[in-house]
Amino acid sequence: MSLHDLQQRLADFAHRRDWEQFHTPKNLVMALAGEAGELVELFQWLTAAQSSELMSDPYRAEQVRDEMADVFSYLLRLADVLDVDLEAALRAKIARNEQRYPEELARGRAEKHNQLLERKHQSE
Amino acid sequence: MSLHDLQQRLADFAHRRDWEQFHTPKNLVMALAGEAGELVELFQWLTAAQSSELMSDPYRAEQVRDEMADVFSYLLRLADVLDVDLEAALRAKIARNEQRYPEELARGRAEKHNQLLERKHQSE
Amino acid sequence: MSLHDLQQRLADFAHRRDWEQFHTPKNLVMALAGEAGELVELFQWLTAAQSSELMSDPYRAEQVRDEMADVFSYLLRLADVLDVDLEAALRAKIARNEQRYPEELARGRAEKHNQLLERKHQSE
Amino acid sequence: MSLHDLQQRLADFAHRRDWEQFHTPKNLVMALAGEAGELVELFQWLTAAQSSELMSDPYRAEQVRDEMADVFSYLLRLADVLDVDLEAALRAKIARNEQRYPEELARGRAEKHNQLLERKHQSE
């Protein structure tokens, strides 16, 4: 299924329940943030190593998949009501980040592009 | 492009910058929550009506697409490192919600499934 | 009780359960974000008017107080482990915002200070 | 200054700018979540150890204090408009958690109270 098909299924689901009245962009953004918060809660007390092993616990794995599906569904609903082409937006983002984070400059560094640039200017 | 192809592009982007060390599940979940927070900030002072009109302002529309792309990219990276099939997870979610939110019961109501059930039992 | 006293009670609570190992700044920030997400969920489908009436429902009011207490407790724990004086930080913030948001310029406008400044410069 | 005094200063600040119209409970909850997201971003790529050292960098320390002040200010504003006594809510929470997390059961365990209880019942 394409992103568009998934959006259509979610739109149908909402329509058949008369939920469009609740699905304003503002409300959907809140719902997305709420689900992101639930995902955070699954990871908050774990070490980095434990977070990488979480999926070997079937119960936890199901919770993670479930919350990720919730985040995904509200992101798709939001894209639908705002008429945003998510794939195009992501591809544009990647293209911009290719410029902002040149490989040699960004390698092994978790810094924002403006910080990277600052360092580059200082070393020149 | 499929979700898998998008995930692959993001994995390549990270790999070429030696960023896998930062992309633990725990850290990616935080990054996703941070981007969801930035999306919230674009909508926080708007009325519901204003939130529906936001995309008619080209500058704001670009910000929205940009933050949505950020959320999407971290969700895809997380799915990749956790080996979660996002589309399958979403389809399973929709199937479960078809059960949890029967149309006649859920129509026009923004309530959690357990609240809906409670009401149903009370009226029986 | 002062903020310091509240922080001390929370520190004691954690210490007696040997929870300091979990209360790294990074983990506490995640816990705070998770609780903020739960608070968001209580408001996400409400209109602005409904959100102002929420506390007249005793069940909902209790949920709101509960989630606000959770956010507050993690904010206080974080301030404790990072040795941040929350009241001083807030007073410094207010002082800075008095500069950034001059009354005549900011009146009735939900804009960031840099946008306000831009408008001011354009009108000069 | 008491929490009440801080709330009053923030209320005055908003009033003098005619910002009460924006400060609905729903909007303030979003603002709080947005600021929590900014706080998360400061910590997302750090190891637990790095997160404990962050305050030794004066620039980063200032950012952390700044974002914590933002979270605090929106939490106080929300408490004001909802007429929630934050200190009372926190004390009630601590009292409840004393019951939910008995020291001997919770020691060294980052688990929710319902999970702790489940384990207790299984071992009986």
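Residue numbering begins at 1 within each chain, and the chains themselves are lettered A, B, C and D in the order written.
Going forward, a contact is a pair of C-beta atoms (placed from the backbone, for glycine too) under 8 Å apart; a residue touches a chain by one contact, two chains touch by 3 or more.
Just so you know, these numbers come straight off a predicted model, no measurement behind them.
> Comparing A-B against A-D, which pair counts more contacting C-beta pairs?
Of the two interfaces, A-D and A-B, more C-beta pairs touch across A-B.
> Determine, among A-B, A-C or B-D, the equivalent of interface C-D; equivalence here requires over half of the contact pairs to be the same by residue number.
Comparing each option in A-B, A-C or B-D with C-D, the repeat is A-B.
> How many angstrom lie between the CA centroids of chain A and chain D, rounded to a whole number?
Chain A and chain D have C-alpha centres separated by 23 Å.
> Can you compute the centre-to-centre distance for chain A and chain B, using the mean CA position of each chain? Integer Å is fine.
For chain A versus chain B, the centre distance works out to 6 Å.
> What residues in chain A touch two or more of the other chains?
Those would be 22, 27, 29-30, 33, 36-37, 40, 43, 45, 47-48, 110.
> For a test of understanding, state which residues of chain A touch chain B in their complex under the given definition.
Result: residues 1, 3, 6, 9-10, 13, 16-19, 21-22, 24-27, 29-30, 32-33, 36-37, 39-40, 42-43, 46-48, 51-52, 54-55, 64-66, 68-73, 75-76, 78-79, 81-84, 86-87, 89-94, 97-98, 101, 103, 106-110 of chain A touch chain B.
> For chain A, which residues count as touching chain D in their complex?
Spelled out, the residues of chain A in touch with chain D are 29-30, 33, 37, 40, 45, 47-48, 110.
> Touching chain A in the complex: which residues of chain C?
Chain C residues touching chain A: 22, 27, 30-31, 33-38, 40-41, 43-45.
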